[in-house]
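Look for subunit A in each of the two complexes below; its partner is subunit B in the first and subunit C in the second.
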Partner chain A sequence: MEVAQLVLNGVMAGTVLAVPAIGLTAIFAVLRFTNFALASHMTIGAFAGFVANTTFGLPIVPSLATAFLVSGFFGWMSDEFVLRRLRASGFVTTAIGSIALTIALENFVRFGFGNQMRGYDLPLRRDWVIQGLRVSPQQVENLAIAVVVVALLFAFLALTRTGKAMRAVADNPMLASIKGINSDTVARLVSFIAMGLAGLGGMLTGLDTTIDPLVGFRTILSVFAAAVVGGLGSIPGAVVGALVVGIGEELSLLFLTPAYRTAVGFLAILLVLTLRPRGILGQRAY
Partner chain B sequence: MKRLSRRTVLKSAAAATAALAYPFQVQAQAEPLRVGILTPLTGAGGNDGPRMLKAMQAVFDEVNKSGAFGRKIEITVEDDQTNPEAAVRAARKLIEVNKVSVIMGTWASAVTAAVAPVCWESKTFIMTVSGADPITLLPHQGFLVRTQPNSRLQGTAHGEFVASLGAKRLGIIGIQAPFAIPTKEYLEAVMKAKGGAVVSHVIYEKDKSTYRSEIDQVMREKPDFLYLNGYAPDTVVVLRDLYRANINLGKFCQSYAVPQATLDTIPPEVSEGVMTGQPSADVEGSAYKSACDRLGLKEIDGYVAQATDWASLAVLTVAKAGAATGVALKDTVRKVSQGGGTKVYTAVEGLKALAAGKEINYEGASGPCDFNEIGDISGCRFRYMKVAKGKLEFLKLV
Partner chain C sequence: MEHYLVAMGVTAGIYAIMALGMNVIWGMAGLINLGLVGFFAVGAYASGLLTLKLGWPIVAGVAAGAVAASLVGVAVALITVRLRGDYLAIVTLGFAETMRIVMSNELWIANGTDGLSGIPGPFRQALGPHGFNLLFLGIVVAATALLFFLFQRLDNSPFGRVLRGIREDEQVVQVAGKNVVMFKVKAFAVGTAALGMAGALYGHFTSYIAPDLFAPLLTLYIKLSLLAGGLGNNIGAVVGAVLVVFFLESTRFIVPFIPEISAVQGAALREILIAVALLLILRTRARGLIPERLAQVRIPPSVPASLSLKP
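Entry: the complex of A and B
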């Protein structure tokens, strides 16, 4: 029973982690760099959703949509004006530039909203107990939202012309360009969607806890771990990686004290990279 | 009689001017007191750091305006980010670039434990609010004092309070921090003496979005009361998860984990009945009232009071020592903070007494500020509060 509860907790945590992890891996697939600015975009999304929810009184789903749109917009703009210019200088420069960008954006949020913690206007509900297993209605909703978003994204990539163009650029940028796909447009789109997902993930995390300007920074290491374990660049891999990290961290409590939980995520990275350097599902985008 | 030449008159006038100006020159040339304020403006301590900063600045402003100090006070502020690595970098900058002789304001115990060696190695004095026992046990050679009660004073007082509420089986769930184990040991000793026990103790990691599994672990031994030993971001998550899990036991937190600003972010039913404890400012003392007036506030908390005391003690110690170095602060601080001298309650009052040639004993806003040989205060009061409908209500002062 204890193992079942831990696995359930891990699935819940992993699913929320999967949303920003998909964003991180999508950017890597198309633009070939690790965008650590994801952390501040999670924060921007969480705060955009907070304003929609508490200032404008919107319910949760429209607030989540606001979080997606606002952080997506910031993602597009930051790529257009900052990161795009750095990409010519290579992977390392762009990744380091994204760290600088994330610190700047995080402080931008801090400047506007201050440092204190804030909470969404959301009634807190007691857990459901089913067959002796506890599960929170909020987490079930988060799970449902995350599953729907991931399904929509998969449908977008598989069924639409733009989605196919994105996959083409991810698979072979040169060939895609010969076929007449505009890689700049794809880069903008991927920045928008990926950072939108980051913002959504930031708000989903905040729904369960509280938010402050560090909400993204606190989560970025687990998100990074999930993307690497699943195979950096693979979108289904990000989902698998997030579940492995989520469940792994929980199951570690059977034999480790909770103080070492994060170490499990990084042990998973070491293990996977040693045995399978491309990650569980490899680097194929889709 | 020899006639005075124009040159002689000018020479004499210049000499007289120089002689008259001499004391002022000495005063103007006196080494400035360079203060490094290293406090959390961001991170888990971001709620307390900015208020402590204002309190210190207010004291220095008052001293500057009074003109009684005779030295310039140069303040450099750095954010320790409630993060030991960032704090050490900032401390090195304060010491090596800004040449400060005292660093004040570190909050988290892990941060102070990291910064303290940098300070004593460079003979820089440090004043802190961190309470974990190991901090004053470090080989700091006297370069560290703290106005916060240590884990022994806090753990023992909290244990007695919790036991007085009828707790017999205490469960502790708290963050990985230097105070985690010492606090548990003192709580255990008190509970045992009162016929109870600590039945479970779980230390968790910071920055997690849920602590459901940790709560399951602490509840396995069926405690009848919970002691939450964390900082604000994680304690909020624990409180929410406890509510969701329908666990309605009595709960006690450190006051810094659930300040009013934090309570405002969570539904009132989640925090209902939570008890908090904090080292209390000496609310009946004259220093406390002066600190409130200086900041234009009706009341101040223990951290603001302690910050007021560091700034006042630094100024008074330098005035007494006649030197603005870390070594002078280390050697002289106890000559103004305790002993049989005239009791003074503000820095300006103390400066005037020192100028009049009196010995002084500074009685602070946070308490008497009497330090033992390792830099701990000898005792203090504790103020207990209870949360009702999302608001903190005063319970008692012990």
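Entry: the complex of A and C
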């Protein structure tokens, strides 16, 4: 029974984790670098949603939309003014730049909001108990929102012209540019959507617990683990990887203390890189 | 004031040792290491535990700290060495975070978040606080000088040239018949040994280490040191480290003068300054105060007449 409960929790945590993991893997697929600034964009999204929710009194869904738009905007701007110029100097420089960027942005949030923990304005609700399994309505809502967002994203990539252009650039930038796809536009769009997803993921993570400026940095190892386990650069992989990492982190509670949750993500990274570097659904190990 | 300057000098020396180590990994071989604090912590804990619990002499403890960090560095490098550098970035960052989590939670290793206190320092009781600081400054300066000398030799050796070759174009080095994988692992082994040594020295200087001290920000400070001083050369690494410590300490004095700002906001502002400085150097592609000098191959303007083929 305990195992069933943990797996259920893992599926819910994993679905939420899939949202920022897709953002990370999309940036890697199209722009070909690991963007550590994802951490601060999760924080920015969480706080943008917090302001929308508590200061302006918006319900959760519009607040989540605010989180997506604000962190997406920051992602677009930070790519336009910072990371785009660094990409020409290679991925080592870009990755280090993205770490510096994440620390700068995280501290902007800290400057404005301080270090204390904050919670969203949520109605208090009793947990549901179904056949001995306990779930909170909030978790179910988060799960539903994450599923809808991921489904919308898949539809966007599969059906729209812009989505196809993005996949084309990810697949082969040279061929895409021969076909007249403007890679700069695609880069802007990917930065906006991916960092928007990071912000949305940051707020979804915060809805379950509390938020503070470190909310992104605490989660980033799990996000990276999800992307690497699924196969860096593969969007379906990020979803599968997030579920694996989410369930794995919960199941680890059977024999580890909760503090080691993020260490489980790291262990998953090591395991995958040793046994199958391209991940579950990745096509190549780069 | 003098007391303060001496302590600042020790910090600068420890930063310089880290910058020298990082220079081998990043500056020479062009590899990424985002987990600097993790290796620093391994060195500090290994030396602290061995001298405190097993009564090892301090010199042996510092050496063991360097070896322990180096072994971890080799393991991390081996896992990712055949993959693109991004994986190394993720694994090193993950290692540093995991190290911090383990040290915070495993009380039996080193008291968890309470940290390890009472780490012995050489002649700490006999010399009193000021004398001890002066002695330690001497030790750190000597260690920096020794490491500088060794790494300078390394830089000019065939080994250093291969590392720079890997940085510029891995494939060319491979074609030249060098075992690129082995060289990368060795670069990591050497660099992380210096990081571990710096950690060990830090522990013996302050006598206290705790997981909180090993925040990822330190990684950023050392990266900034290298970029400011000039990535890829040892003099630049040392000069940059001294500059960064000076910069960090001076912001400590300036920030309190900004009106209507809380302590948290002041700390945030300092970190923003550091990160923005780093981004600016990266963005302008400035080569630092002392740019790396590369050997120029001179190509004669035209083929001398004596060598030209006679009809």
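Note that in this section the second predicted complex is superposed on the first by the 275 of 286 C-alpha atoms of A that agree within 3 Å, B and C clash if a C-alpha of one lies under 4 Å from a C-alpha of the other, contacts with A are read in each partner's own complex, and residues count from 1 in each chain.
The definition used in the following text is that a residue touches a chain if its C-beta (ideal position, glycine included) is under 8 Å from a C-beta of that chain, and two chains touch if they have at least 3 such contacts.
Since the structure is predicted, the reported quantities are computational estimates derived from the model, not experimental observations.
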Both complexes share subunit A, so when I overlay them there, do subunit B and subunit C fit or clash?
clash
In the overlay, answer first, second, both or neither for which of subunit B and subunit C A:275 touches.
neither
Check the residue A:250 against both partner chains and state whether it touches subunit B (first), subunit C (second), both, or neither.
first
One more residue to check, A:124. First (subunit B), second (subunit C), both or neither?
first
Where does A:91 make contact in the superposed view: on subunit B (first), on subunit C (second), on both, or on neither?
second
Contacts for A:178 in the overlay, against subunit B (first) and subunit C (second): which applies, first, second, both or neither?
neither
With the two complexes superposed on chain A, say which partner A:100 touches: subunit B (first), subunit C (second), both, or neither.
second
Where does A:115 make contact in the superposed view: on subunit B (first), on subunit C (second), on both, or on neither?
both
Which holds for A:212: it touches subunit B only (first), subunit C only (second), both, or neither?
first
Contacts of A:34 with subunit B and subunit C, given as first, second, both or neither:
second
Which one hits subunit B, of these parts of subunit C: 153-161, 207-215, 243-251 or 297-305?
207-215
On subunit A, the footprints of subunit B and subunit C overlap at residues 110, 115, 257, 259-260, 262
For subunit B, which residues are in contact with subunit A within the complex?
41-43, 46-47, 50, 176, 202-205, 207-214, 216-217, 232-233, 236-237, 240, 243-246, 261-262, 264-267, 269-270
Considering the complex alone, what residue numbers of subunit A touch subunit B?
2, 5-6, 9, 12-13, 16, 110, 115-119, 122-127, 134, 136, 138, 205, 208-210, 212-214, 218-219, 250, 253, 257-262
Residues of subunit A that touch subunit C when the two form their complex:
28, 33-34, 36, 82, 85-86, 89, 91-93, 95-97, 99-101, 103-104, 107-108, 110-111, 114-115, 217, 221, 224-225, 228, 232, 257, 259-260, 262-263, 265-266, 269-270, 273-274, 277, 285-286
Touch list for subunit C against partner subunit A, complex
26, 30-32, 34, 79-80, 82-87, 89-91, 93-95, 97-98, 101-102, 104-105, 216-217, 219-220, 223, 262, 264-265, 267-269, 271-272, 274-276, 278-279, 282-283, 285
